[in-house]
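Multiple structures follow.
You will see subunit A twice below: alongside subunit B first, and alongside subunit C after that.
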Partner chain A sequence: MFEPGLVIRRATEADVESLATLIRRFYMFNEEFDPAMETADNVRRVALDMAKARVAGGDLILVASYEGKLVGYVYGSVVENPLLARRKIGVLKELYVTPEERGRGIATALIESAMNELSKMEIRYVAVEFPSRNVVAQKFYEKLGFRPYMSVYLKEV
Partner chain B sequence: MQVEVRYVKEEDVEVVADMIARLKTLNEELDPHFKVVDNLEDETRNYVRESLNSNNVVMLLAYNASTGEPVGVVRLEIADRIFYKPRVMAVITDIYVKPRYRRRRVATILLEKAKQEARRRGAGIIVAVYPANNVIAEAFYEREGFKTLQVEKYLPL
Partner chain C sequence: MEGKALLFKFLGGVDAIPIVHRARSLESFLTLLEWIEPSFGGINLEDVESPKCFILLEEAQKRLKIPVWHDDQQGTVTAVLAGLINAAKLVGKSLKSSRIVLFGAGASNIPLYRILRKLGVPAENIVVLDSKGVLHPDRDDIDRLFLSHAWKYRIAVETRGGGLKPGAGLEEALRGADILVAASTPGPGVVRKEWVAQMSRDAIVFAIANPIPEIWPWEAREAGARITATGRSDFPNQINNSLVFPAVFRGALDVAAKAVTDEMLIAAAFELAKHAEERGLREDYIIPTMEEWEVYAKEAAAVAVKAVELGVARRTTTYKEEFERALTIIRVAREKWAKLWEAELIARPPEVVA
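Now for the complex of A and B:
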């Protein structure tokens, strides 16, 4: 089903630097769609710290390795609301694949693997987040069968 | 924020090159056929320098009137269509506004100034060239009333 040479696995300490680059590129891409997503001046360093923390932490952090090179990642966590019958949902907050490896189904493979991981944790629903103006992300998730669920509106104070 | 527009000067080369590089990187994100070169920074710097020295190229810089900070740039080439009337055509090759200054109509101001400059140089038509997958540019020119003039097809070799 997946491309030969493609491996989706949990990120390890050895991935930290490549993962940081992918995280930074994800944020710089989203920044293009909305000024509220403007990146910090020290985004490079923060992305490295974030990559380290995520690899060490308990959240879901999967990477796509293609022919031995890190080419994409997905990051998500489990959000709980005890007032809901389905109190735990999975939320995928970041997804990125490097431009040169697009079109190989790597993003789809990352999402499917993430959903698979989350389904082992008594989770029925998985939500994905992306900037409303990122029509590329919107089209991608709709193609995979996701539907609008929550809306977040924003205003300058 | 009050935005004003002036010609790009020698001292702006770095900041303009950086904006052009970000535009090319955005294009890369939206379509792998626009994979950027490894020495993108050098190339954009040369591009801006050569543009400054060319009689057929106009580069306009939008800046914050109170601080002088550059916020966006437009580059246009004046071309001769040879076979068609009106013969003189202005071609917008690059337009970019820093993410933090989006949604304030900076690009519209740049476009208006570009149109003025094009008319002043005898152009009877202004066109914009951008990757088909650049949804942000597509929405912008659509909003500004541009229509499709030519199409560019490709075949990888």
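Now for the complex of A and C:
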């Protein structure tokens, strides 16, 4: 489903500003599903800082670029638990594709590329996180063969 | 609903009865429609708000094998389109190459966008605005629309905001525009004179909010608009659903149509426009009035023939045959009414002049 003109690659410093917009969009998207995920007032600035830190840091941050424009990203990291036989798992925490490019397999391509990258690090399992109420994400990941793994419940104090 | 049933009969010779019910959820409403389907040749939905009306109509049309109609969508769109066809003709512009602004993304402008696209108007020539501004893929609430309003979302993505910046309002959208169709909130003053003044030469301004148009027609003309239309019967160029639904149902019922498609609406709109054109287009006459009752038979014939052509009719007919049949049915209905009025058995409705 790869289209000519579509490139999936690691994010670089030149991507920071566009990436910040995508990160902000991702958080606003999740906000739609759960009021507990209401975004902060200064989300613009924080997203920019976050984008900078991620590009400079060691976590996995891949972007989809279409005809030179950033149209999506996936962000993940490696979590370790030495008590487990498979002590390292990959966790994909954020995924976003811009409205104009949806329905063209870009999200799938991003996930597949991320899985590829993680498998090079001796990782056997990859987990994805999304709000429980995000049925769009749930359907998408189930289609890609993911299954329920951990549950996180929330209560107001 | 009773008033509508009366208009169905008087203008189209269509027997209609109101059904009120307690189905609240989409699914229960659809089930109700499926259960009563065998009793009727067609169903007219009333009082369903946007955006519920879109999913309800789409689903009902999928499940039922009779025409399902929502006047705020199909009726208004057909009347608007008829008016636009003639307005464009009169000023010598083509819809396909016009810059078209749809202000208000509700029951009538959402389907109008779809119909304009079907007529070959490129998406980038169209700008659609809701109360928050231009529908644009970079709008902050775009993902809210993605999840809750598929129709606005699709328009935002397809038109890409018509080349405007996200956050642009009607003022920016009207700069250089050829056509404005405002179906938003009652005016006056919702559409400002100085914004209309920024439109292109020979601009066309339809302001169809009721009871008061978004801008008074004389204000729009003072600002340079050449043709104006409203939803009101006391101004020229009334965009009136009553010109449409009785005739569309007449034609659809006479061929036992399984559906009323967009193509049938387009056929009805062109027939309405043609009737006005044959009588001579003027800036204050781009669309027939309800008094020109033969136009209903013409529209019915155009709709019936299109249904046959599309394969959605259970009976076949020709234009001439359906025209004559519809003309007789409507004439008889009107004559019965006239007799009842003459005998003073029923009161004469003030808004209908026989």
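Basically, the second predicted complex is superposed on the first by the 156 of 157 C-alpha atoms of A that agree within 3 Å, B and C clash if a C-alpha of one lies under 4 Å from a C-alpha of the other, contacts with A are read in each partner's own complex, and residues count from 1 in each chain.
Keep in mind that, in the parts below, a contact is a pair of C-beta atoms (placed from the backbone, for glycine too) under 8 Å apart; a residue touches a chain by one contact, two chains touch by 3 or more.
Values in this document were obtained by computation on a predicted structure and should not be read as measured data.
Of the two partner chains placed by superposition, subunit B and subunit C are both touched by A:136. Contact with subunit B, but none with subunit C, is seen for A:37 once the two complexes are overlaid on the shared chain.
Greater residue coverage of subunit A by touch, when subunit B is weighed against subunit C, goes to B. Within subunit A, the residues touching subunit B in one complex and subunit C in the other are 25, 28-29, 32, 99-100, 102, 136. The part of subunit A that touches subunit C in the complex is made up of residues 25, 28-29, 32, 98-100, 102, 136. Those residues of subunit A lying in contact with subunit B across their complex are 25, 28-29, 31-35, 37-39, 99-103, 135-136.
Within the complex, the subunit C residues that touch subunit A are 137, 140, 142-144, 146-148, 153, 156-157, 160.
Against subunit A, in their complex, subunit B makes its touches with residues 25-26, 28-32, 34-35, 99-103, 135-136.
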